[in-house]
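First subunit A sits with subunit B, and in the next complex the same chain sits with subunit C.
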Partner chain A sequence: MVGDPIGDYLPTFIRFLILAVVVCGASMGVHYVLRNILHLKRDVALGFSLITPWILGFLIFNLIPMVSTVVLSFTDYNLQQAPNFVGIQNYQTLIGTDANFWPSIRLTVLYSVISVPISVTLSVLLALVLSKNLRGIGVYRVLYYLPSIVPAVAVVLLWRWIFNPDVGLLNTLISPILNVTNTAPPDWFGDESFVLPAFIIMSLWTALGNNTVIMLGSRKGVATDLYEAASIDGANTWTKFLRITIPMMTPAIFFLVVVEFASAMQLFTPAAFARATPAAGRFMNLLIYTYGFQQSRMGYATALAVILFLLILAATIVLFRSQARWVYYEGQER
Partner chain B sequence: MPFNKKWAFTSLLLIMSLILAACGDATNTSAPAGANTVASGAATTAAAGGTATTAAAAGGPKVELTMSIWAGVDEAKEFQAILDKVNASATNYHVTVQASPQEYMTKLQTGLASGTAADIFWVDVDNLSGLADKGSLLDLTDMIKNDKTHPAAKLDDYFQGALDAGTYKSKMYGLPWISQPLVLYVNLDMFKAAGVNPPTNDWTWDDFLKAAQKLTVDGSGKTAADSGFDSKTIKQWGFTSNSADWPPTQMFIWQAGGKTISDDFKTSPIDSPEAVKAEQWYADLVNKYHVTPTATQVKDQGFDTMFTNGKVAMFVGGAADSLETREGMKGQAQAFLVPKGPAGNRLTQAYIAFNAVNSKSKNPQAAYNALADLTDAIQKWKVPVPRKSLSTKEAIQKAQPKRPAASIDTIIAALPDAKAAPIYPGYSQWADIWNTQFIDPLFRGKDTAESLAKKVRPQLEATLPK
Partner chain C sequence: MSATVTQSTAASGNVPWTPARIRRVIGRAVTYILVSALGVVFLIPLFWLLSSSLKVGTEVFDQPVKWWPAVPQWNNYPDAWNALPFTRFLLNTLFVTIVPLFAEVFVSAIVAYGFSRFVFPGRNVLFLIMISTMFLPDVVKLIPTFIIWKQFNLIDTYDPLVLASLLGGTPLFIFLMRQFFSSIPKEIEEAALIDGANVVQTFTRVMIPLIRPALLSVSIIGFQGHWNDFLGPLIYLNTQAKYTMTVGMFFFTGGTNERPHWEWLMAMSTLMIIPILILFIIFQRYFIEGLTSGAVKG
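And then the complex of A and B:
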């Protein structure tokens, strides 16, 4: 609609300004309370007043929604009417009778458990190659990073073409092997046994760029005097790699594994746009969307969201516990 | 420090005043629909056919209303032209429209939940009862009853089936502006080239299958009716299905004498012998006779595009889709009646869409007036409209002047066999199970209709109203 640009946006702009002033005011208010009523130190009061905008944002956009998600998971809520408390019924139905639940957990967990280690390993190896000072290395670094800046939906559309069973790039490439072994070309998104491999292959391509940049930074951060010292002690290249490079990179690897695992478990955009057969199960986040927004069963959907959260939390705790065994922090006693 | 105190006191004052201002602003902005007024003098008051309503006397302020529709770019342009005329002749309201062809229902539902949904919106038969059940739709019963001016409010002019679909628990929640039966679009040139006679009104499922086989051609020029036909190199198909329940399996089940949901909404007899016969026959078109492209081919090459490109000879579509006049249509196309099923009927699933009013609209009466004006206007644009006076050959030809007369005869002949699907408030849950647990494996040939139906029926019935 062609409207009046000033008239249409002015109210929003004014509200935006008011919000900014309110946030500033809140910061000053916090400062006043801490300094003049609670008589705290100047530094403390100033610090708290400066993080007040962030705390407000966290409360409004993170903590309140998180708590209400947990509360809503015990209700029957259809978005339009007030929620009804139903106890643990949503969880019982999900785990007990929902035909989509276990396939969804299976697909999501398998995807995360398989794709994350492959992706992290590949990015470590790639980072080692890209850290060499070769001619034109900058070009390669850019090329490997490019997929990360392509919009997710465009990536999925591209891969739908690559995975096309009749005219797709991948099946054309592997057709000699298929002809020799006399097997039918895989229908990647249409056949349930190929859905998981298809998503893993697609995820590697996109995740590799970002992960490699982090790994590259970590590789470049390894102090050269360690290698010099090792050389004097007579260590060969392989020993240096195993005893210096890898241990020094473990904090970054650990960070990647934790972050990548959480984001793999929450895969949504590729799942929503790849239009894979539902027979392989639906990714948990897609199922949450289906239940919550397409079927208006928000209470039920939030119960599934809570389960997803608990799964990620459990995996993160396990990873953190395992840290002592394999992650090496400089300056830390072992 | 006195300086600090002064500052802090000022800041507190500022916060208080801003919170108050923000509250004041909230009440102001939450009602822009009603508060933003336009001097009506600016608009012409050509009250065509008594469309002007009496609620606001001439010279009073115009109420701003919003509307959501699911129209795509071209359709939205046509709609905007209609809306401009309605706005120009309206004396007491002005409607602005927003079209969201993608994820329309998701946007509408979240809008309704957050209180930002439009005053008037399109809603289809699949979703009307669900929204009505949640109290999101305004009860229009009395407003329609008291409305003596709008042709769209004369209920005795409607086909009862379409009115029933807009009624929930004896209250009317929407005025239908389209109720389209499904028809069989046929590419006559492809039929001619294959030496197949065009469909007749006596066509049965068998006749249809035989024609589809002769029209399905592989890479070496053999048809699906020939021996030695290679289903892996098909270049042209007799029919098409997206393997995701279009054309609707339900329609074939009805034609075989079965049901997907019983009339009392207590059972889902998809495993009855009649239903299984239809389900298996339909799946066989895809997996046994190979007269349709695969699901992936349809997804990647476009469903109706494959028909207009001349790759598919027959397509089941809505009567209003007018594929014959679609840009890029290769060859001469015409709409025919769908073939008769084993039960001797040719029932199709009617697609019915309504104009409805948000129950939280700030201006229910103005919204109703706009809805009635717009329904009148849309009913002259869309075909077929579930009104007796508009379901004539002349009226349809006038709305779609480019369409072949023979297609219009077909549409009129198809109207009596169009039936609304059984819908209830939790239907989307039923449909999800139906599509993912039954249709998907059936059309990928993973199991027989009989065994799948037995397995899925209890799951479907668990979602029916208790």
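And then the complex of A and C:
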């Protein structure tokens, strides 16, 4: 065996057990203080005591890091020396002079704005087809879902191979079309104008099954009595689809768009493994990794992280604002 | 919809070919052709992965493309596996997957129990904050979290990947399990209390067994998350022997520079899929339940 596995695992495991005891003790301490010293009700003491691990985690791994990210983004912290306050210099450099910045924003935003709507729309259509009670349809559900369980690492390695310009599967399959139109085979990840389409194709293959399963769950949740009532009122299939099925699915569609958009903006593993040509720009999360962890420019990297966060936040706010226009919640007047 | 199905099964022999029936049969045929075509599109890459993993090095570059190797090279698998210390990587991955998985599922269950069963001031506000952290991008926490671990001198140990699971659990898990707890009638707990059980006993002996399906669903989500995690191990582990499978794969270019061993990379990718595939085959229902309950109930 390479290295010393037990020697590596054991210290971590011991610290894990100690921390488990500490967390447990904190929970019991909270209960003791609330119940025996402040004499609060049983429910109050127990409730707070049970959620103590979450409160600790929220403070240590959410609140403190979030505030620190913002603070660090105004410094030149580099892991070696104590950070100096540099004002908005990081942001100025990023937006004004950093040649990587705009291509990175462009690639990340375009990827998210294009891939998420395509994937969600297709998954809604697919869910509608798969929700029909046809024989053997369950097999197709499994088939479509299969790519989603493939680890991202394997997905990207596989697609790098499929996108291989000379012997890749994709170029082989489209070679008849290429011959007819007399165009050169695209060098997907190697050609800056094909990097974006390549990432989108890859993401569709991975995410479609996953999203279809979610949409299918929502489609099945539509109460059948709505359709019966509509039939009595003389609605045809098309009207039922537009006025019942789609509106009833909008909450799930909304949820999916919000979650998928945020994760598309933070694409990392595929971005790192694809080894796409940097000429097309690097995904923002990969650029943050490059600046922060490869070049140790932590202050500069956190400024980029703040910008990425603000972009995601802005998109999320816009989506939430748009809810009133197109998302239908049961029990709500329309 | 159910009416149509019963009609057609009853009608299979002697019903005349009315225009409506013809239309229905054609519609069904079109549906089948469409879903099958798409199914093939989804499967081809996976088939291609498997077939490439069994090719001789030179076959990989054969033109026109070979769909199946002349002689399947099963030894590609041990060869690739031994090109880097993948046995060690696998052990490392199992360690940073299983230990935190237990902790985060258990802690999430405790927190979810607190949120669902006890009335305390500020409960709804705290729950809302908990839900909103689900939407908080990891990227705003990444660098300071790294610095925290660095302050404790725990870079290049497994602590950052393992210890955090004890604090806070996972918002999505807490949310899903709270839904489950809320659906359990209060009388069950009251009965346990009357029988003299304390909160800990009620929780471990009565409530936990009742939410088994939710535990399985979140465990599967968690397993996938840790097994596939790449960014975490990449930034926290520096020594090659400590790498997880994903990081090992990242630095596994497949042999020498002059000729990358694509067949090895494909073999390792196939191996990465197998554990998840086995889990999926056994627990298919829970995969799908875990996935849908978040979006549909939320």
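Please note the rule applied: the second predicted complex is superposed on the first by the 310 of 334 C-alpha atoms of A that agree within 3 Å, B and C clash if a C-alpha of one lies under 4 Å from a C-alpha of the other, contacts with A are read in each partner's own complex, and residues count from 1 in each chain.
As a working rule, a contact is a pair of C-beta atoms (placed from the backbone, for glycine too) under 8 Å apart; a residue touches a chain by one contact, two chains touch by 3 or more.
Predicted model only: the values in this text are computed from it and were never measured.
Q: One more residue to check, A:P11. First (subunit B), second (subunit C), both or neither?
A: both
Q: Is A:N182 contacted by the first partner subunit B, the second partner subunit C, both or neither?
A: Once the two structures are laid over each other on A, A:N182 reaches no partner at all.
Q: After the superposition on A, what does A:N236 contact: first (subunit B), second (subunit C), both or neither?
A: Touch partners of A:N236: none, neither subunit B nor subunit C.
Q: Answer with first, second, both or neither: which of subunit B and subunit C does A:R297 touch in the superposed model?
A: Touch partner of A:R297: subunit B, not subunit C.
Q: Does subunit B (first) or subunit C (second) touch A:P278, or do both, or does neither?
A: A:P278 sits against subunit B, while subunit C stays out of touch.
Q: For A:L79 in the superposed arrangement: first (subunit B), second (subunit C), both or neither?
A: both
Q: Under the stated touch criterion, which partner chain does A:M28 make contact with: subunit B (first), subunit C (second), both, or neither?
A: Once the two structures are laid over each other on A, A:M28 reaches subunit B alone.
Q: Is A:P151 in contact with subunit B, with subunit C, with both, or with neither (first, second, both, neither)?
A: Only subunit C is touched by A:P151; subunit B is not.
Q: Looking at subunit A, does subunit C or subunit B touch more of its residues?
A: C
Q: Kindly list the residues of subunit A that each of subunit B and subunit C touches, one partner per complex.
A: 1, 3, 11, 15, 79, 161, 166, 293
Q: Per the contact definition, I'd like the list of subunit B residues that touch subunit A in the complex.
A: Interface residues on the subunit B side: 4-5, 7-9, 11-12, 14-15, 18-19, 21-22, 25, 29, 32, 96-98, 105-106, 109-110, 112-113, 130-131, 134-136, 294-297, 299-300, 426, 428-429, 432-433, 435-437, 440-441, 444, 446, 459, 462.
Q: If we count contacts the way the header does, which residues on subunit A are in touch with subunit C in the complex?
A: Checking each residue of subunit A against subunit C gives 1-5, 8-9, 11-13, 15-16, 19-20, 23, 43-44, 46-51, 53-58, 60-62, 64-66, 68-69, 72, 79, 126, 129-130, 132-134, 137, 140, 142-147, 149-154, 157-159, 161-162, 166-167, 169, 172, 205, 208-210, 213-214, 216-218, 221, 224, 252, 255-256, 258-259, 262, 265-266, 268-269, 272-273, 285, 288-289, 292-293, 298, 301-302, 305-306, 308-309, 312, 316.
Q: Which of the residues in subunit A end up touching subunit B in this complex?
A: Going through subunit A, the ones touching subunit B are 1, 3, 11, 14-15, 18, 21-22, 25-26, 28-29, 31-32, 35-36, 78-81, 97, 99-100, 160-161, 164-166, 187, 189-191, 275, 277-279, 282, 290, 293-297.
Q: Considering only the defined contacts, which subunit C positions touch subunit A in the complex?
A: These residues of subunit C touch subunit A: 1-2, 5, 28, 31-32, 34-36, 38-39, 42-46, 48-49, 52, 60-65, 85, 87-88, 91-92, 95, 99, 103, 107, 110-111, 113-115, 117-121, 123, 126, 129-130, 133, 135-148, 150, 157-159, 162-164, 166-169, 174, 199, 224, 227-228, 230-231, 234-235, 239-242, 245-246, 249-250, 262, 265-266, 268-270, 272-273, 276-277, 280, 284, 287-288, 291-296, 298.
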